[in-house]
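Take a look at the structures below.
Okay, so subunit A shows up in both of these, paired with subunit B first and subunit C after.
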Partner chain A sequence: MAALAGEHSISYDARGLAEPDAAVPKVSEISGTSAEFDAHDLSTRQINLELRWLIYEQGVTDVTVRNPGAKHSLGVGILSRCKITFDGSLGYFGCGIIDGPEVHVKGRVGWSACENMMSGVVVIDGNAGSLTGAAMRGGDLVVKGRVGARSGIDQKGGTIIVLGSAGSMNGFMMQRGRQIICGDVGHGLGDSMYDGTIYVGGKVRSLGIDCVPGEWTDADTEFVERKFRIYGLGGPPQLQKFVCGKKLYNYDNLEPSERKLVL
Partner chain B sequence: MSEHLAYSEPEKIKSIDAEFLSGHRFPYQEDISLVEDVDLDAATPGDDINWLEDVELLSEDGTPAVFDRYSNSFLKIYFPIPAGRENEIARKVLITHLQSGNSYGIRLKETHCKFPQPELGPWVAGSRTVGSEWKPPVLEGWEAPLH
Partner chain C sequence: MCGIAGIIYKDGEHPIGTEMTRMLQSMKHRGPDSTGYALYGQPSNLVIMRYKLADANTPRDFEYEDRLRRHRAEVERRLHALGAKVHELEEETEYAFRVTLAYDGDLKKLADFVEDVPDAEVLSLGHSLEIVKDLGDAEQVASEYELATFTGTHAIGHVRMATESDVDISGAHPYWAYPFSDVAVVHNGQLTNYFQWKRRLERSGHRFQSECDSEIIAVYLAEKMSEGATLEDAMRDSLEELDGVFTYICVTKDALGVAKDEMAAKPLVLYEADDLVALASEEIAIRAVIDREIDTYDPYEGEVMVWQR
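Entry: the complex of A and B
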């Protein structure tokens, strides 16, 4: 109920948009290059304005956001090297379109965390919803819990590491990048993927169209061990590798009968 | 520069590279000593090469090149690349290009970005903020239709 009190104090305009004026709250306690503020009574827009003001204008490189209250779209569009800690959970579209920050979420996140992330590091202590890392272009995204369906959909780069299990259609239409899923994955893994690599430690309910087992190489071992070492995740489990079979690459050029064989 | 240029209708520009966009070639495209000292780990977030993991040496018009995603163009490399260091050199040339502010996508920021952001992105600490004063461009003599 305490969190709801914060939401109730937010005013909305006729279009349902919160805080139409773009005034920066300037409520942070700044100490050198570090800052901290309580987001309990702030709207999404105010929190993001405060973050940008601190990072772009005050020279702050390390920000802690207390009580994020699972609000949506927090920490989006940060295009600078810095550290951001969310001392709680985020709603959907958290940390989207970021380029550079190292983010630590001490809680869970909703749908589409790190959507379109360009570079940076995001570590989520809890679970993440569906579409985690959607259309991600680069950087490392570590989820210490589970992820929902279609994580890494349309992934174009970067690395998604999941210590728990994953839902169905993971890596759907994946085009580049890597996923390491230590637990089980649902149906349709890597469906219609164009490229990229998916490593799975647990059981695979079923493979999607054109997703096939790949040949393990020394480069895979080096990559997985390096990522686990950097993020202090211990020893990696035994992993299976899956890649694109590349039979659908030019399916528009195939005769309909040939396409049926592929499908 | 790209050899696949044509401005007359109906033919369009088929491919563009960094030299075409900027109008000239950059020294680090021709001299490996200018990129040898680049620290890739320091240039990227975290304790790893981060997004550069996906950057590899490619080829454009038969010349070794690295793709600059921030301007959607290739940056050609004209010096001999030591065997076994192809991706490393490609990454170093790209980071040098971005840190120097020569990427066409960066050069467009001051005029066109609508929201405040560091001009040189996450590659250079303390970069100035651009985009704070953006105003919609006005086309002289044009009036919005009545509907």
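Entry: the complex of A and C
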């Protein structure tokens, strides 16, 4: 087997962090509103700079990144409607704090994919690590493989769909939004969740504190079927619904934005 | 934070020194304090011992060189006194040595006798295990110890961000399971019942080379195996008995295993092919040796996996 270094070209600064070179590499082949570039010899920073340059300055709306090589923090902070395809896998914090793009990862992703995602769609063909969709606020995140522990921790909105199984403490401290896990889930499902809904197709090893079975309604059927239809996932499996039991936390005060709506 | 990595080939020997260096260098950002390797070459009839008599932090006072010379001579004298025949003695750095011995006596006695020399620490002992660890990043350590030429069957490595003990070679991973030969461990995390286990194992007659919680895991597993448990069984027991957040990799002369605690807070990504298994805290380390699109996954919480050669 050939043993080649995928990352050996990266240099590090005195703190051991990736090189601080802020020059846009401008290596893309641009064709109208589409572009494509090979990320094999680029550092994380260079790849993100190239993406921003294409999307914000060149008017490109459809980018393909070849050979992302599981580098970390790729595709973060993209705040515009566009299509990005990663032709390979991403390391941790891929597509974090995005607001708008439609991303397709033709591989797997590491920890904390789509952390703080605001809107848009991310479809991952492979597996995802732990903390997938942490603190996510909106948009849809579809993982066709399985996810690690604490997926959707502190989730505040949006939808996470996982075709495989999930690790422990899924939906830990979830505040809003929905999760559809087609496979099994580990211990402590929805532990300390405040709100939101978790649908599970497989076995649940144990429920977390204040996570209880919910009553299935027509709205649930409509929601799940619609999401599966949108992403071409076939017919959804038989699902159980879990919600917050509302025993653990009681709030007297509304958030300022909620108060404004009420008053 | 720390980073751990492992690679095991199911067939033949490979340049694991170079490959582990690439894996560890790609995770340098996870721990800049020290880098360590446990490398397994072809099993030998000879005993391979790596030991040190100082480290990079030791003050170079006016007596430093004399002290090193005296202690080195004393180690050699003691090896001779035990009937061990030195086959080859290599000076890896001014303070770290690799010695191959013809010796069929009690390895614990040998290690105890060497460690009794002031400043001496046996870093590894066995018929195929060699632990190399020092301050600095993987490229520095690999170049200093000439690891580019090391071929073997499996290896683990560690980049360390010191949280629980000092920045020195004693606090660096991997840990040899003193006094059990050919068993080593790298660990990412913290053990919260460290002192309980240290006292318990000390009462059973074990002694520890460091103040680092990770050393407990190596000795714990080796003791279980010495009582007849398989590596896998010992690792499963560790999930019940060791408390804290941890992901660790354990290696023996013919196996590599990984265990992840119930909290699953310490990352690990795994790739398994027909000819090898590679695993690391970050996928980027696996990519450093496999330059093609691969399917990897994270082991789940409470999972134990072992690959036998």
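We take it that the second predicted complex is superposed on the first by the 244 of 263 C-alpha atoms of A that agree within 3 Å, B and C clash if a C-alpha of one lies under 4 Å from a C-alpha of the other, contacts with A are read in each partner's own complex, and residues count from 1 in each chain.
In this section, a contact is a pair of C-beta atoms (placed from the backbone, for glycine too) under 8 Å apart; a residue touches a chain by one contact, two chains touch by 3 or more.
In this text, all values refer to a predicted model and were calculated from it rather than measured experimentally.
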Partner chain(s) touched by A:Gly208 [first = subunit B, second = subunit C, both, neither]: neither
Which of subunit B and subunit C A:Gly91 touches, first, second, both or neither: second
Partner chain in contact with A:Gly139 - subunit B first, subunit C second, else both or neither: first
Touching partner for A:Trp111 - first (subunit B), second (subunit C), both, neither: second
Which superposed partner A:Glu57 touches (first subunit B, second subunit C, both, neither): first
Which of subunit B and subunit C A:Gly171 touches, first, second, both or neither: neither
Dominant toucher of subunit A (residue count), subunit B or subunit C: C
Partner chain in contact with A:Gly77 - subunit B first, subunit C second, else both or neither: first
Partner chain(s) touched by A:Gly158 [first = subunit B, second = subunit C, both, neither]: first
Subunit B/subunit C common contact set on subunit A: none
Subunit A contact footprint on subunit C (complex, rising order): 14-15, 18-19, 22, 25-26, 28-29, 32, 137, 262-265, 267, 269, 275-276, 282-284, 286-291, 293-298, 300-302
Touch list for subunit A against partner subunit B, complex: 52, 56-57, 59, 77, 79-81, 99-102, 118-121, 137-140, 157-159, 176-178, 226-227, 230
Of subunit A, residues touching subunit C in the complex: 1-8, 10, 12, 15-18, 69-72, 88-89, 91-92, 107-108, 110-111, 126-127, 129-130, 145-146, 148-150, 167-168, 186-187
Complex interface listing, subunit B residues touching subunit A: 44-48, 50-51, 53-54, 69, 115-118, 121-122, 125-127, 129
